[in-house]
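The structure's right below; bear with me while I get my questions together.
Labels run A, B, C, D, E and F following the written order; every chain starts at residue 1.
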Amino acid sequence: MLPNNVETFIGCDATYADASIVLYGAPFDSTTSYRPGARFGSKAIRGESFGIEMYSPYQNRDLTDYAIFDSGDLELCFGSPESALNVIGERTRTILNDGKFPFLIGGEHLVTLGAVREVLPRYPNLHIIHFDAHADLRDDYFGAKLSHACVLRRCDELLRATEPASNSQATFRPRIHQFGIRSGIREEFEFAAKYTNMHRFDFAGLAETIESLGDAPVYLTLDLDVLDPSAFPGTGTPEAGGVSFLQLLSAIQTVRLANVVGCDVNELAPNLDASGASTALACKVVRELLLALAK
Amino acid sequence: MLPNNVETFIGCDATYADASIVLYGAPFDSTTSYRPGARFGSKAIRGESFGIEMYSPYQNRDLTDYAIFDSGDLELCFGSPESALNVIGERTRTILNDGKFPFLIGGEHLVTLGAVREVLPRYPNLHIIHFDAHADLRDDYFGAKLSHACVLRRCDELLRATEPASNSQATFRPRIHQFGIRSGIREEFEFAAKYTNMHRFDFAGLAETIESLGDAPVYLTLDLDVLDPSAFPGTGTPEAGGVSFLQLLSAIQTVRLANVVGCDVNELAPNLDASGASTALACKVVRELLLALAK
Amino acid sequence: MLPNNVETFIGCDATYADASIVLYGAPFDSTTSYRPGARFGSKAIRGESFGIEMYSPYQNRDLTDYAIFDSGDLELCFGSPESALNVIGERTRTILNDGKFPFLIGGEHLVTLGAVREVLPRYPNLHIIHFDAHADLRDDYFGAKLSHACVLRRCDELLRATEPASNSQATFRPRIHQFGIRSGIREEFEFAAKYTNMHRFDFAGLAETIESLGDAPVYLTLDLDVLDPSAFPGTGTPEAGGVSFLQLLSAIQTVRLANVVGCDVNELAPNLDASGASTALACKVVRELLLALAK
Amino acid sequence: MLPNNVETFIGCDATYADASIVLYGAPFDSTTSYRPGARFGSKAIRGESFGIEMYSPYQNRDLTDYAIFDSGDLELCFGSPESALNVIGERTRTILNDGKFPFLIGGEHLVTLGAVREVLPRYPNLHIIHFDAHADLRDDYFGAKLSHACVLRRCDELLRATEPASNSQATFRPRIHQFGIRSGIREEFEFAAKYTNMHRFDFAGLAETIESLGDAPVYLTLDLDVLDPSAFPGTGTPEAGGVSFLQLLSAIQTVRLANVVGCDVNELAPNLDASGASTALACKVVRELLLALAK
Amino acid sequence: MLPNNVETFIGCDATYADASIVLYGAPFDSTTSYRPGARFGSKAIRGESFGIEMYSPYQNRDLTDYAIFDSGDLELCFGSPESALNVIGERTRTILNDGKFPFLIGGEHLVTLGAVREVLPRYPNLHIIHFDAHADLRDDYFGAKLSHACVLRRCDELLRATEPASNSQATFRPRIHQFGIRSGIREEFEFAAKYTNMHRFDFAGLAETIESLGDAPVYLTLDLDVLDPSAFPGTGTPEAGGVSFLQLLSAIQTVRLANVVGCDVNELAPNLDASGASTALACKVVRELLLALAK
Amino acid sequence: MLPNNVETFIGCDATYADASIVLYGAPFDSTTSYRPGARFGSKAIRGESFGIEMYSPYQNRDLTDYAIFDSGDLELCFGSPESALNVIGERTRTILNDGKFPFLIGGEHLVTLGAVREVLPRYPNLHIIHFDAHADLRDDYFGAKLSHACVLRRCDELLRATEPASNSQATFRPRIHQFGIRSGIREEFEFAAKYTNMHRFDFAGLAETIESLGDAPVYLTLDLDVLDPSAFPGTGTPEAGGVSFLQLLSAIQTVRLANVVGCDVNELAPNLDASGASTALACKVVRELLLALAK
């Protein structure tokens, strides 16, 4: 009797029932306007994860010490962002309903919206920590509201819709905290000046931000293009001037101190880096995040 | 005084006013579900066309003998097929209104629908000649009606909606003529058996079909993946068992005898063939088609 | 409750108990001396199989009509061919013991030996049909007896060891039938003249050979480099002058008439054809073989 | 009436009459002896510039605030460096005659000579600031005087020919200022010790140099291989040990304080970095330079 | 005592004194205007030749049966075609003076001129057999007379300069015999109609041509892009519609009947076909030519 | 009389008799379990070395000042690590017997064992300095003892076998000194804590280590993946978080102070970095090491 051929991220072979963290992939990049390939990200991360080890010398922890389940990739409809977001939302809802931690792997950055739409109702005072090269704060992109270039703007709308009426403009405190941002149109930076807590270029201010959040629930969205293209060329829109892998590792350790209730890692386009180094790095980021967030 | 930097397909530098044929590119592949890149097709064909000659020894004709205008690429919204099709339709309408021949370069195959929706009202008895590896006759693809995998099915709906009521099932004569088809789900082949004039694998029957059409108006849609992947690997879904370049050249000469009123060439994904041979071949196909269809 | 992430070749999702055919991958190319990559073949064929359809217009059959189980890839030790062959043999034995058809996907060509060593004891009068560009009849390769370059020589030793003593030189009838061979050292061709039924360059003589075999048990080993590199560049040692995909399809139809009791497909090195066309073709060959051999 | 298909670097769509800066491309690498591809640099920078934004968060400026004209690529003769340099010179002359700033995009580094030969007569006390990994100070290269490996040596000859006779060896002050140099034959470093103001490895000394120049006219030639190959692998002769993108940005800000009267950016070979990260970085360097030099 | 590291084309390890054929490489593509890379051809052919066998089943011959010397690659000056041709000429002269057969491996097609300029004086009634996709009959290319696009035109000048005065227009018989030609400007085809014996598209007429030549001395120049890009994508200007490898093999067998006194194989650009299939094919063409021409 | 075509690393053209350092390549990666290609490393380093200069501005030395011989690549048997190690050992022995310095270029890291097995008997108190991302301290890898993943463990066995009996556990001082290590299973880090002098992540402690060694003989094994993948993506298992090229240069200068008696550089997989930047960097590392170690 031969068993089924089950494929998971390395070391994530707990049963669903036992697992505290659930991985799920969103192979979608239908709104990517420039160079596509993020659709291949989640599969590449799963497939190439056997090239790294389960043990982290940075954290002296091992994936075998935790119960993590990899539920594989969703089947998403290209050409219909709304439909894709619904499917992502459905899976997120299941995971949350079962009391587990949703760990989403994109795909393009729009997929975040599918998760946030489900996480927010459960945590109305949710904050979002956003690592990215791009502000992603456009109101629309060539007419589309559901675009990778607008995803944090959509999140901002959702979050502000939950603000109590008393939260007047004067006392408004942003709940989106952006780090590493170094690209956008002028209007996005102007918008950020009003509505988000944007830190340009690197992670300066991250520790203070985390401290200020106390135990407020946090959703972490990690666009891998926050990294410098020298470390991570395999992404649709590489932006020179980013952070190093070690800076990102350090930031992950800092985020660990927050009350993170869900997260995603996105925008690996493995086809754009034939050396495989970008994919290998993404695997390591997922491992380090899992080890940092696992209880 | 330095002139503007105008870029066109080689030899297509007539003024719009003088031109009888107008090229326009549709850099769109948002519904491509497998491997993207057709979005880069029209730009690559224009840019690399200087690598071929304007003269064809096959037809003993030269692009300089004809008045052709290249209007460049459209700006299309990723994530919204309907919006993209509208923009394609608008450009098609302008060209038709000005009494010129619309020559569309994709992009994925869905772009055809944008053109056909405008050509059909002007030529209610329009026939479609379809060269392709794929039937493209699905009713929907993961729920999407506007998908590359459904484009001929959508065309079929449009064409049959113009059929006179008297065209009963008994006397129904298909107006979609498919050649080279070698891939699809079983249901597509069953649909074709009822509703289209499908020729599998190659161009057998093309001459007879053309002859039977007389001077009925014809729209030609040429999915380059009708070619064997040995000749044309640069496409999202390469299907072994296709036709050779010389077979395609010969088919183009045959189509020339029909009353072609519009055409498109699509599905070059130049990023998938780093050798450039697929792009160079596509340039030559465009040249041969232009020389065959120009008056 | 989310299910496990099971991955199979498209349409091969029967239970093991129900299945009549069992796929198994041997990701091994440790003896490949020239350009490696065949180790990635079985995984690529499984992963990219969703890019083709389950229905074959060539055979008018559909994978959904048959019960096939994909048991995934074996874990094989690089640097120790004997160990790897043992693991392949063990899986082969299990499949045979359970009365199912073993369908092995390489990997380099040496993996064939692991299967043949198990099939032969069950079918002592086994014949081998061998499609390949290379004779693979060296006695050793830089001293190694277990090498891709020697695999048919090793098979020949096994087969001849089962010959009855009465099978004198005078009446010796080869049980290895080679087709498409166009590369080797002079000594291999001389060896073949004595001991194998070698057909150079193409499939001429295949139908006669099959007919002559009657219902003798046959193992089919298909080295994909029998194809011309124009159709199949993604292999370690591409040899110009090979057969076309359509010729191979036709040969598969012919082999169907034999009593095939096991088979393998090998030598796809997907990393060597970035266009993906070689992998897509290999997927189609596997589909056509499955449909031809399934009962 | 459809307009012509004009292509420019993003945001550089002023009319020629209005423009203060004029871009022009020199797609030439005929003397490149090692790995070619710089010929594709200017076209790639123009074509891919739509992947970056017009706004710079580093300078808080936007290309839309300035009048820049992109005159496209020159048509240059491969195999005849003298002819190519003449064509580059002619375009440079036109731009200078019209009182505009010439901004040349290579191509290999030899193209600089075509511009300098025209800029020098207008500014006899011209200084050259040279960012590069290579000294480019050979007297000849395999016999050729007009070679990328000799271009600063040729510039040195031109500059010293304009020196007043009274500028004795004792009081000679170099007018070529080199930064980032880390590769050359021993003789080039010996030559530099006598005749140029060479700063090895990085930009140390740049601010002091600029200050010492006062308002003397400066031509800036920026060989992108001054960057470390980790940030910029897409160049013919990548030299480990270079500067980072942020160091280069900072150097550009420093150069802004000089009286720059012309500049070039060269040696992107986009074909050598399939990830596109090098091209994207080059686009950003051009944007930052334009924003720094525009008035 | 360790020996020097000598590298040769496989099996070409005779001493120079013993050799009847001498290989020499011309790594030059400085006039290549479109896509460079032919400079890497000769080195790739030498380096990858160990991937093929020394034995040819097509000719039942083995390189070990002949005395061939590989003198390696010349050092050629980029940017100066005249200088490069002189160096090629010098090597050719040495080989001819020593009574051996010169076998040149390019490089771009211009290198042929370097050899022909030396072969012609020794064989004043020389004929040239030319396999190519391109006519190469331009009078100049962007002003350059020494360009790959003009090489046969230059040869024609040389050959006609040796014609006796009595060879009037009326009795003029072309001494350049072109096969496979399928690309050029109209003027080249018109020129060919007057001055060369051009056979378009394939090798039709080759046997008759060879027969008509009797024992006149023949120089064979083989531009590998005569092959269809499906078989040989690794070349600067791939032209769909070419011959197959087997057709070329057959043509080589036919040429064998002529009195060939020198030859070259050119225009492999190995960098343009990452699969290596083009290089492997080129190696095989060199082997088959060597075996066909060796005595 | 034409000379043989001798190929060497740039500037390493001394006679064997004169040479004090001898280069030899080990093109072997048969035990590489993840992504192969190190087999191409030594040839690529030799072939591409002409792209760098012989002069180092870092050390102000020139390869022409030293007598170095490049003996080329060994012929190694794939599939038999023991056989390959024997051939490497034999060459090492010859070099040592002739009183010269063995400088081995891999290949995968296992090749080190072939050299160390010969160096150790001559220097029984040998120490090993090990630069690497990976600990390489597994006892076996999928059952294989001779694997790249176990090479330092095998070296440790050899070294400890030479320890005098009096070297009790209490006074045990490790003779393997590891730097840059950032990947391994937990057991390897536990092993290192007991038996090696492991420095994680970078070169901290190197100077002190070297000083403590005094004039004890040292073998340096440099796995190039100690570098960060941003600088060196061309390796089978890229590990983010490594050292920069300048850090490695500095470490080489430090090692120079030790009594190095043999060394190797390994794990360049040039096929995995199509930009060539990794190969160029490896060439420079070899140059700097040669200049640092030459007397």
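We take it that a residue touches a chain if its C-beta (ideal position, glycine included) is under 8 Å from a C-beta of that chain, and two chains touch if they have at least 3 such contacts.
Small disclaimer: the values here were computed from a predicted structure and weren't measured.
Note on connectivity: the fewest chain-to-chain touch steps from chain B to chain F number 2. Steps from chain A to chain F, minimised over paths through touching chains, total 1. With rounding to the nearest 5, the Cα superposition of chain B on chain C corresponds to a rotation angle of 120 degrees.
In terms of their C-alpha centroids, the spacing between chain E and chain F amounts to 43 Å. A straight line joining the Cα centres of chain D and chain E is 39 Å long.
Residues of chain B in contact with two or more other chains: 228, 230-231, 273-274.
Chain pairs that touch one another, listed by label: A-B, A-C, A-D, A-F, B-C, B-D, B-E, C-E, C-F, D-E, D-F, E-F.
Residues of chain A touching chain C in their complex: 1-8, 16-17, 22, 43, 46-47, 69-73, 91, 94-95, 98, 274. The touching residues of chain F, counted against chain C in their complex, run 29-33, 36-37, 39, 75-81, 83, 110, 141-144, 146-147. Looking at the complex, you find that chain E touches chain C at residues 50-55, 57-58, 62, 228, 230-231, 245-246, 249, 273-277, 280-281, 284. Note for the complex: chain D touches chain F at residues 34-35, 181-186, 189, 200-201, 228-231, 233-234, 237-241, 272-274.
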